[in-house]
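So that you can tell them apart, the chains are marked A, B, C and D in the order they are listed, and the count of residues begins at 1 in each.
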Amino acid sequence: MPRFRPWLSPLLPLALAVVACGGPFPQSTLRPRSDFAGAVDQLFTSIFWWAIIVFVVVEGLLCYAVIRYRHREGRPAPRPVHGHTALEIAWTLAPAVILVFIAVPTMRTIFATAGEAPPTALKVEVIGHQWWWEYRYPDLRIVTANELSLPVGRPVQVSITSADVIHSFWAPALGGKRDATPGYVTRIAFRPDSVGVYSGQCAEFCGASHANMRLRVLVLRDSAFQAWVRRQQAPAAAPPRGSLEARGRDVFAKSACIGCHTIDGVSKGIIGPTLSHVGGRATIAAGLFPNDSPHLARWIANAPSLKPGALMMQMPVAGADLTAVIAYLQSLK
Amino acid sequence: MPEAGEHAHPTVGTYLRVAAILVILTVLEVGVFYVPAFHVVLVPTLLALSAVKFALVVLFYMHLRMDSRFFSFLFGGPFLLAVVVLVALLFLFFGHFTLRGAAGGGGAGG
Amino acid sequence: MTHAAAAHHTSMGLDSRKMAFWAFIGSECLLFGSLISTYLIYKGKSVVGPYPHDILNIPFTSVSTFDLLMSSLMMVLALAAVQRGDLKWAKIWLFATAFLGILFLGGQVYEFTSFVREGLTLQTNLFGCTFFVLTGTHGAHVTVGVLWLLTLWVRALQGKLGPAQALTVEISGLYWHFVDVVWIVIFTLVYLIQ
Amino acid sequence: MTGSRGLRSWLTTTDHKRIGLLYFYTAFAFFLVGGLEALLIRAQLARPNGTVVGAETYNQLFTMHGTTMVFLALMPLSAAFFNYIVPLQIGARDVAFPRLNAFSYWVFLLGGLFLNASWIAGPVFRAGVLNVAPDAGWFGYANLTERQYSPGPNVDFWMLGLQILGVSSLAAGFNFIVTILNLRAPGMKMMRLPTFTWMTLVTQFLVITAFPVITVALVFLMFDRFFGAHFYVPQAGATPLLWQHLFWLFGHPEVYILILPAMGIVSEVLPTFSRKPLFGYTVVVYSGVLIGFMGWGVWSHHMFSVGLGPIADSVFSATTMLIAVPTGVKIFNWIATLWGGTIRGTTALHFAVGFIAMFIIGGLSGVTHASPPADLQQTDTYYVVAHIHYVLFGGTIFGLFAGIYYWWPKMTGRLLSEALGKLHFWLTFIGMNLAFFPMHLIGLLGMPRRIYTYAPDLGVSSLNLVSTIGALLIGVATLVFVVNLWRTRSHGAPAPNDPWGGATLEWAIPSPPPPYNFSVIPTVASRLPRWKTEHHDPMPDPPAAPPAPVHVPGGSWWPPVAALGLPVLALALLTHHLWLAFLGVAIMLYGIYRWAFEPFEI
């Protein structure tokens, strides 16, 4: 005889067990690290428990009915019941009432998270590109890419837009995603509440390398943030005459690199991310690889093979020239 | 015999009268457009006039006034849906609760 | 549902073809609704000219509108003629309807070419995109209507359009009048409310 | 009149039953194709940094998986039952427009082949690769679909294929609305219609109102891509959000187009196998109508992350949550139908109960993203992938399988094996939970959807492996089903008129029914004509042979001919050959002309 026991299906405990063994989940939505993410998480948790209650009750009723009323020999024919008005009203009202309990905190959270940050907030502009992120701090006159540095405990006002197709800026620990739509500027505001490195990535399908459009948010202690700001505001490091780095700069300045990348005082390209302080970033290629010599070498030699569709072409830079360019880029702290 | 006998359709006289009204309304529309005094109420006037024309054609030329009410439902349902969608879209794109800070950064503070 | 069908028994007492056609017209409401919504949403969003007030020719289009309204009148007269079995007038009114339709299309061809000459094409700006696609879709509907009417006219010439075919004529009339009411809306929203 | 055998008879058939079978086999073939695409997707994601396919191929796979499942598998599988079952349930001899019905099928087939031709059409476009399949997602968000960002023919295949398929759906929509309203047997009042027929009617109203919107959205895209217009080009002042609004104005009703027929099937299967009338028939019908109606007012809930502003978000959140009420009412009525019955655990009932169990999960996760702030964390992640698969696989596909096991004997005259059926059910049930339940967690742990690769340090590798194993299990289950179908052709037990003791008219006639369906059109006196109720005795079955010869309309060549014009026209746009456009229009006009003047009596 058939028995339906979805509650016995071992999936939930199994899945939880798998999760329990894993970690540390750098992109989890369940570990909020800002007021915005915290409000969302709180709301989600309350809806989740409502869902669990409904799930247990309704699936329970279903399973009970299927088992209790299964066909057995000798059982009399069932009564042909056509309906029951009071029951219909009851189970129309029941979900409606539960929905009120979900809708009210939902509306409250919508308006609470829609607010603008106070005027003292740090202003950041996020611009999505295929497939990397550009960050501008208009008040600090800083432009950087892929790694967003923020001070802990200070409200941030983020304006988001795109330079080409639609992207979606998403750092789960700090809050929900928001689309980067060309021609529009949308805004989110949040206040990071713990120091740490949080990963995120583009959440709206944006073409071949959508999967490779990652990002990192560095929430820093205020002193560390100020130090970072000073480094970014300083002109790009000028290598000492005759050094390997100086040779790297000369190679860079004569290569096609300058068509797309900016290095203060060396080049003015704007198609790719700025490199003025690239040596200070921990990753390259929109969070894909660690910023070390082997990866830089492979990246410069053949970016499209590492990131399908990447606009950066294969650079005819090799041997000692390549070593020099890498040394130069790494010196740009 | 086809369905819907003669009695179901208006007479030629009705058709002609409706045509006359339609022409007058069209003249009014164009007239309103050219008279500067009307410019304040231009949009509502034009909308009202064209709604009347629309209704006349649908009710008399397309026989919805005397034909089965079910046909009115088949036409009116989707028509109303289209109007509601149009209004909703206009609200979404132009209303107060539209995208904040559209291109050009117009809307600081929403 | 007072006037029952005769030829076939149907549950609602309504002719199936006519019912299907009304459902089709309902569907078309959403088609033109989406096109008109887009026109209105993009109104005033063009970043370069020419803009509507630079280019739309109200007197000319008023004549076109009048032409299409009159074709609707011809259409109902044709239907009335077919219903009373008056083949002679049916032929005349049907042809008149189609002819006025062709005249309207001619006007649209003239309008489009003159706009292109004045620098408004599909590629120029959003006004060009939305205007040409909206009015072009309407024009395509008129074209289909003209072809349909001419087929009926040929049937009439062959003497095959008696009262038994009145329903066919009525349905083509529904189509024709619908195309007319769409134009009533377009004329107001596109031409008069600039 | 054409004969009843041979290829010719199938090409020209206008018999709703044959067209229903054609729909079934074609849609099932596309279902297998879509499933194969899903397996490749899961193979790629089984491990982090997967290398089974590259980024470009992966993007084509998920785009085609979505497009195929929605437009080529689920909708036409429902259509197989609209065709085969609805006329039988209302006591009709055929649909209102048999040739239009054939036309719908041929357009669907040609549209599906056109779309899938993109897998091998690369050389035609000198693309350097074999596959130039659509790669911008089944939702095709502008402006990624603009020529500037998608230069190849990929997106062209997608939008032209969808336009073709839209014609098929619209034609079928008008046909079934009229059929259901106008061809009911005497006494079959609207509130005596079987629930499946009712849900079909609601679905068709959604089709005829929603498809024009996507048609227009696609026309704009066509003009942008082929003729240099700027409907979605931000630089010209346009907004890509227009596409999103138009797409979801269609896309949300489309969700109900996919689920309502399955709900109708479940509402037929449960009463039959619990030997009880459907509990609250009127409420179930009205809530179905209400769901269809409300489905129009919620589209922007797909766009919460766009930043529409708090008021728009609140409004669309509220309307979305409201839909949970009629949906919940349906579920309670289904449970109440089972309650107090004598439930026979056939495979069809397994799938119907599985539908309810899985749909509850899908519905509940749906409520979590009806809440915009929560949705900001969930949308575009695997959490939503889990949700749609609980609704569309656990929901629609379970419902469709319930329908297949329920009606297959009626359609072919042979009963599917119950043993294989149970095996099929349990493998599918376990497989789908294994495949899709972990996706909730994968999403909450931060894995976006539509990514061809992910880093191991995301921490979701094991969960993805579990999901892939589940997908494989679904694949095995589907093979079991194919074996069952194949085996039943020769070894299935012959089906009597009514193997289940059903209440509705289709069980009153032989399996499979003769070409004329009913020897005598029955007169219906109650909602459950074949059951004894308080006020009515069971309706006597029509006699085995008709008392007088029944005229059955012959076949026609013109529907397939007219249908052929559409892909030719699409090919003209795709290859920029004007003469092909003229050819396509000429074929179509010729087909329609001959069709219009062909003597064809219903």
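Heads up, the rule we're going with is that contacts are C-beta pairs under 8 Å (C-beta built on N, C-alpha and C of every residue); 3 or more make two chains touch, one makes a residue touch a chain.
Please read all numbers here as calculations on a predicted model, not as lab measurements.
Note on connectivity: the fewest steps through touching chains from chain A to chain C is 2. A comparison of C-alpha centroids places D closest to the centre of the full protein. Among the pairs C-D and B-D, the greater number of C-beta contacts is found at C-D.
If each chain is reduced to the centroid of its CA atoms, chain A and chain D end up 34 Å from each other.
Per-chain CA centroids place chain B at a distance of 35 Å from chain D. Chain A and chain B have Cα centroids lying 47 Å from one another. The set of chain D residues that touch two or more partner chains comprises 181, 208-209, 213, 234-235, 238, 241, 249, 306-307, 309-310.
Touching two or more other chains at once are residues 70, 77-78, 81, 85, 89, 99-100, 103, 110 of chain B. Multi-chain contact residues, meaning those touching two or more other chains, occur in chain A at positions 114, 183-184, 186-187.
Chain D meets chain C in the complex at residues 96-97, 170, 173-175, 177-178, 181-184, 188, 208-213, 215-217, 219-220, 223, 227-231, 235-238, 242, 246, 249, 596, 602.
Contacts from chain D toward chain A in the complex involve residues 54-56, 59, 136-137, 141, 143-144, 149-150, 234-235, 238-241, 274-277, 279-283, 305-307, 309-310, 313-314, 317-318, 321-322, 324-325, 328-329, 331-333, 335-336, 338-345, 349-350, 353-354, 356-357, 360-361, 364-365, 367-368, 370-381, 422, 430, 433-434, 437-438, 441, 444-455, 457-463, 466, 531, 533-534. Chain contact summary for the complex, chain C toward chain B: residues 1, 3-7, 12-15, 18-19, 22-23, 25-27, 29-30, 32-34, 36-37, 40-41, 58-59, 62, 65-66, 69-70, 72-73, 75-77, 79-80, 83-84, 163-167, 170, 173-174, 177-178, 180-181, 184-185, 187-189, 192-193.
By the touch rule above, chain B contacts chain C in their complex via residues 1-12, 15-16, 18-19, 22-23, 26, 29-30, 32-34, 42-43, 46-47, 49-50, 53-54, 57-58, 60-63, 68-71, 74-75, 77-79, 81-83, 85-86, 89-90, 93-94. Within the complex formed with chain D, the chain B residues making contact are 70, 77-78, 81, 85, 89, 92, 96-100, 103, 110.
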